[in-house]
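One chain, chain A, links the two complexes that follow: it is found with chain B in the first and with chain C in the second.
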Partner chain A sequence: MTNSIDTSIYTAITEAIQDEARRILSERSVIAVVGYTAARRKGSAQPVVITQADDAGKLIFSAACVNNLAVYLTKAKKEIPKGGKIGIVVKGCDLKALVGLLGESQLKREELYLIGVPCAGVLASTAQPARELTGDTIAPKCRECDNHLPQGCDFVPDQRPVTLELAGKYSAEIARLEAMTPAERWAYWKEQFKKCIKCYACRQVCPFCFCEQCLCDRNKPQMVETTPRPAGNTAWHIVRAMHLAGRCAGCAECERVCPMDIPLNLLNRKMAKELKELYDYEAGFEVREKGPLAMYDEKDDQSFIK
Partner chain B sequence: MHKYISENNLKALLDHLIADGKRVIAPRMDAGTPLYGPLADSAGIVLDQLPRRSAKETFFPVCEDIMSYDKEGQQVTLRDVSPANFPETILVGVRPCDAAAIPVLDAVFSWDYKDEFFLERRRKTTIVGLACTQADDACFCTAVGLSPADPKGSDLFLTPVEGGGYACETFTDKGEALVNNHGELFAEPNGTPALPLAEPQTEKFDLKKVKAWLDDHFEDPAWDSIAVRCVGCGACAFLCPACHCFDIVDEGTEKAGKRRKSWDACGFWKFTHHASGHNPRDLQPKRYRNRIMHKFKYYDDKFGQTLCTGCGRCIRFCPVGIDIAAIVNEISKK
Partner chain C sequence: MSRIGVFICHCGENISRTVDVERVAAQVGTLPGVAFSTDYKYMCSDPGQGLLKKAIQEQRLSHVVVAACSPRMHEKTFRKAVESAGLNPFLCEMANIREHCSWVHEDREEATQKAIEIVGMMVERVKKNRVLPTITVPVTKRSLVIGGGIAGIQAALDIADCGHEVVLVEREPSIGGHMAQLSETFPTLDCSQCIMTPKMVDVANHPKIKLYTYAEIEHVEGYIGNFQVTVRKKARSVDEDKCTGCGVCMTKCPQKKIPNTFDRNLGMRPAIYVPFPQAVPNTPVIDRENCTKFKTGKCGVCQKVCGPGAVDYEQEDQLIVEPVGAIVVATGFDLYSIEEKPKGSPIKGYGEFGHGKIPDVIDGMTFERLASASGPTGGKILRPSDGREPKQIVFIQCVGSRAREKGISYCSKICCMYTAKHTMLYHHKVHDGQAYVFFMDARTPGKSYDEFWRRSIEEEEAVYIRGMVSRLYQKGDKIVVMGSDIAVGVQVEIEADMVVLATAVQPQKGADTLAQKLGISYDKYHFYSEAHAKLRPVECATAGIYLAGACQGPKDIPDTVSQASAAAAKVMTLFAKDKLEREPIVAKVREAGCVGCFYCRKVCPYGAVEEKEIRDRQGNLIKVVAYVNPGVCGGCGTCQATCPSKSVELDGYTDEQIVAMIESL
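For the complex of A and B:
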């Protein structure tokens, strides 16, 4: 296929990750490594936590390694061992989420050992994990990736991904939606949100949804209708988009896991675009305690005050 | 009764039913996603892919009103929703894994409490099943004792035949009535062989052995290794044709509101969160254990059936790649 993407470096990356995990676990410089391992289905991969050097050989990296593993380090995931340094395999997009979590005092840099992955891209969906990585099957976020080689990690395999120039889907889709009338745009989102079944997969995979009690789960008082109906669905997705504005760095896990194919990352990218235009701010590049929506500056745009 | 129906006549049948005022539910595209839903006409039907959500929502909707109230001063008026008003429905293009789950659900909805919302829809619905000619490596109906041509749960069952059209077989009075009422659209079977059926590759589970292990291993370190990565969403339960837990909430204002029943999932932290603040399933592996226990032990203990039909949806759409077929297979080898 003409638009197939070269993932040949993933074999060498897999070996390098295994060697590094084996080293840090046997030297006991970390208590666990969160990475990916192969699963039963052809081509599939799944998150794994290993604590023994002997298990390092289970780790892999492939185009099916879609998950943002940062979610496992948050306080919402009580199952993962805490109380010691943890190794974690990160793609550039995942790293941006970790940077955000460091800024929000959810994690400490000295408690992490970052194994960065030179990444040529991953699949948009793993419903059929054996699919070849091509311009058609690649995750939309990878088309606009500016972080193929994660910076500031403790270890990065010495590989350089070959990346193709692919047209940005989010930018094109946002432009299309911006060109609509408010009524058309509302009709578009109504169609999408009505499919929502409130499975909360979007929330559960999001590294930034680490609240132990989600506002949207409360029933006394009830902030948002919990039933999967148009009103509550719309409120839920808008609440989430607002809570992520200035924090979400675009790992797009919410969109990948949505079993109803709701293009959730469009909301997050639109908010990111607004933040860039209003505050010249982009989430995920430097550790900052507060994003623009959590602080006041005299130079802030005030044109909204009428 | 054995018959044959061409593709065009199947569409004509659906159009006749719709013109007669019947509700026809079938797989169709909904904002880009294949879902079961009411057809406006037969042109919208999509029979070449498994709908993302199962057919259970025809009987057990994602969310439904079960009562409403008005309050005027001290005067409170309660209004029931009457299942008698549910429309007569033909559910078409149901794959064996979805159709087989419906009798499994009958057991729980007609047990000590008769759920008239479910049961009235069941009485008013005729189910037209469809054999599968394609499977992927997440399909495992054969592993749980079903097959790509299993008519369990279907009133009328269609099997694609060479050269187009379907061999039809009726299994109930409802199925016969559907054929007899539209006899002109059906022909006598002409002996054309069926298309080769799908062949799911997953190993058959030894369900007795699985249950025997579950009987003795409520506590076992395996649960941690199986489910430490589970993120606690409800995607598996909500896509499942057999999961049937629901929540009931009142939504509205002081003046008026509705009591609603909507899907719930044992993967949620909130599912077993007590009013005291205590949660007996405090960590995710305990919640995932309940999923496996309910499907392969508790439901069997109570109703003598397995609460899984091997559709594979939970495997394809688990955010973190949890593979129930691999897990149960591993348990059966313990």
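For the complex of A and C:
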């Protein structure tokens, strides 16, 4: 096949990750390592937390390692042992989320040991885990990836991913939606949000949804209707998109886990595009004290005031 | 169950003309929870307030809604009345049916309907009001004054005379500011230095004033009554305690060719210098940029000749933290420099006037130095180019000011008067000379001001030409002034020996950075903003910070001194109490929901958000949450809007209250 992607480096990366995890765990410089391990189904992978150097051999990296593990350091942190430095395996896209979390006082850099992964891409949620990684089976976010080689990590296996030039699906879809009239666009999103069953899988998987009590669960006063009806669904998705504006760097986990196939990351990418155009701001590359939405500058674009 | 009392005000006819107040009272009276409703001609009047108090007692009211004007107008009045009747003042709310309703509508039916809805919203809101206790914070009875010009000096002396300690910080090596540069002052023509220097000495000798010259504000923390100010005392290279001010170092300094900025670069000074002979403190400073010792490492003459051994090349900047309770900002002004056009500045210069190119085109402050007895010419009016006495002199007013197309639309206020003064000083010194003034209008409001201006024309022979100048150019040793006389409708050309530009008054350079450190607001020109243009002209919107002088807007000396004393009075009012009472409309964090993302701290304009550790009984850290210091919180609610989990709420404006209001519609 002409558009297959070379994932041969993943074997070497797996070995390097295992060696590094074994080293840092046996030296007790970390108390746990969050990474990926083989799952039951052939070729599939799942997140794992290991605390013993003997378990380092369980760690893998493959095109099926889709999860953003950053979420295990915030909301799901109760599953991680407390009281020490934690090692974590990160792809470029996951690293962006970590960088955001560092800027939002949720994590401290000195309490993390980052094992970066040179990544050529992972499989789309629609592809079977054992499939070969190709231009057709690759996850949509990987088509537009600008962070194949994570920067600023404590350890990165010495491998260089070979990547393919692929046409961006999100950018094409954003262009299509931008060409619509506001009424058409509204109709499109209404149709999408109508599908929502309020399972909140998107909230559960998002590293940035770290609130202990989501405002959408509050009932005094009730901010967002909780039953899956069109009005409440729309309110939830608008709240979600707005809360992620300037923070989401596109790990696309929300879209991957949505059982109703709502194009959630499309909305996030559109918000990110706005931020880039209005404030020349891109989330996830450096730890920042303030994003553009928490700042005021006299030179801010005010053309939206009509 | 609430027993709410609703009081509808007619506001004379202001409300009742458009709104059927009786119908509003009747309709609102039927709302659940409303025990009493009535209307009255003037609720704010004494009988109106009496009615309210009587109803609270007789009807055993639990909450009160007064439907009248804006809460900015009378909320305090009614809350006080409610308090005197025995209710917590924060159980009283106002419904604005004047500015929001009767004043902006004409249709009586619709306006009445809207008034009913506005009052209905406030009824729902007041039901959810909580009893709020007044907040008290301690006061540090020391004051910081920033800027040692006449404004800062006056404010410092007034506060210190009242017995409170003052920290006075001046950026330059000496206090005195612009007033020390002036020759004589309008409208009495008394010598500026003669009235200024005694005040400067008073500052130096005052036991309650701690003076930092050659120092700047590094940063400011805290809030009204409790500021922590870090002052950067720049390295003077001269030990102030040892120096006797003998001046030998200055006479012996071999580097003497440095333009003296105090004399507007007309004279020269050595590298170790005091800006002017009457400087306070009379301690020299080494200009490290121009000093041979600092540039090449060789020289060191001043150290050798200094008897007391005060010269210290190793001296470093010092950071000093001063706790103060109030801050007076008196950073003054700077003159619009017409040849300088900073990059990206909306302010355009006046290339056509040749300032900076033609040596005898000078600005007003340079003329002051020429006319000053202590100036570079000893008070003789002489041309900078060849030292000759100018026989024809042209003054041009409104250079920069009132020129929207050049970027400044305001009037600099002092130029009409000082130009009139300049014509007089010129006439007194050059008897056979002729002064011309190009002007747009003469603005002379002020005691004895118009008489002064008239005198310059009628007795001192100044020729005033109404019109602007389009171009200046050098022709031989003359400057040709091309202008128009719009009174006669002709073009005028004058061959002048010297031209004086009355350039606009601008805030000091760096006024914006200082404002950011202090957390006070400023306008687009960087003049500091007062809390209310008419009723709170010396206070900043940030509590505990006051304004004096030209940093707030162009001002002459009498206005500056008045405002400085007013700012001092405000500081003394603050210091009159041991504890400060303040409105309890502050944000509170719901710690159970807070995840410590600190977006609230990032957006808080008051710096009120702190970190708080939540620990279990064994002392293990559970989490770090936000804590709003009630003494600092300004009650703006920005944190509430920003908090992603809605874990911070402003008392009196809780989400529950706002949603209740919306749902009542």
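We take it that the second predicted complex is superposed on the first by the 300 of 306 C-alpha atoms of A that agree within 3 Å, B and C clash if a C-alpha of one lies under 4 Å from a C-alpha of the other, contacts with A are read in each partner's own complex, and residues count from 1 in each chain.
Everything below uses one rule, namely that a residue touches a chain if its C-beta (ideal position, glycine included) is under 8 Å from a C-beta of that chain, and two chains touch if they have at least 3 such contacts.
These numbers were taken from a predicted model, which means no experiment stands behind them.
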Overlay on chain A: chain C relative to chain B, clash or fit: fit
First (chain B), second (chain C), both or neither touched by A:20: neither
Superposition-derived comparison: chain B or chain C, residues of chain A touched: B
Partner chain in contact with A:243 - chain B first, chain C second, else both or neither: second
Which superposed partner A:45 touches (first chain B, second chain C, both, neither): first
Touching partner for A:290 - first (chain B), second (chain C), both, neither: second
First, second, both or neither for A:55, with chain B first and chain C second: neither
First (chain B), second (chain C), both or neither touched by A:211: second
First, second, both or neither for A:106, with chain B first and chain C second: second
Touching partner for A:223 - first (chain B), second (chain C), both, neither: second
Per-pair minimum CA distance [chain C against chain B, superposed on A] in Å: 7
Chain B and chain C contact sites that coincide on chain A, given as residue numbers: 222
Chain A - residues contacting chain C, complex: 104-106, 210-215, 218, 220-223, 243, 289-290, 294
Interface residues, chain B side, partner chain A - complex: 30-33, 35, 52-53, 62-63, 136-138, 224, 228-229, 231-235, 237-239, 247, 249, 251, 260, 262-263, 265, 268, 270, 282-285, 315-317, 319-323, 325-326
Parts of chain A lying in touch with chain B, wherever the complex brings them together: 39-42, 44-49, 67, 71-72, 77-80, 126-128, 130, 191-192, 194-195, 197-201, 203-205, 217, 219, 222, 225-229, 232, 253, 256-257, 259-261
For the chain C and chain A complex, residues of the former touching the latter: 592-593, 595-599, 602-603, 624, 642, 644-647, 655-656, 659-660
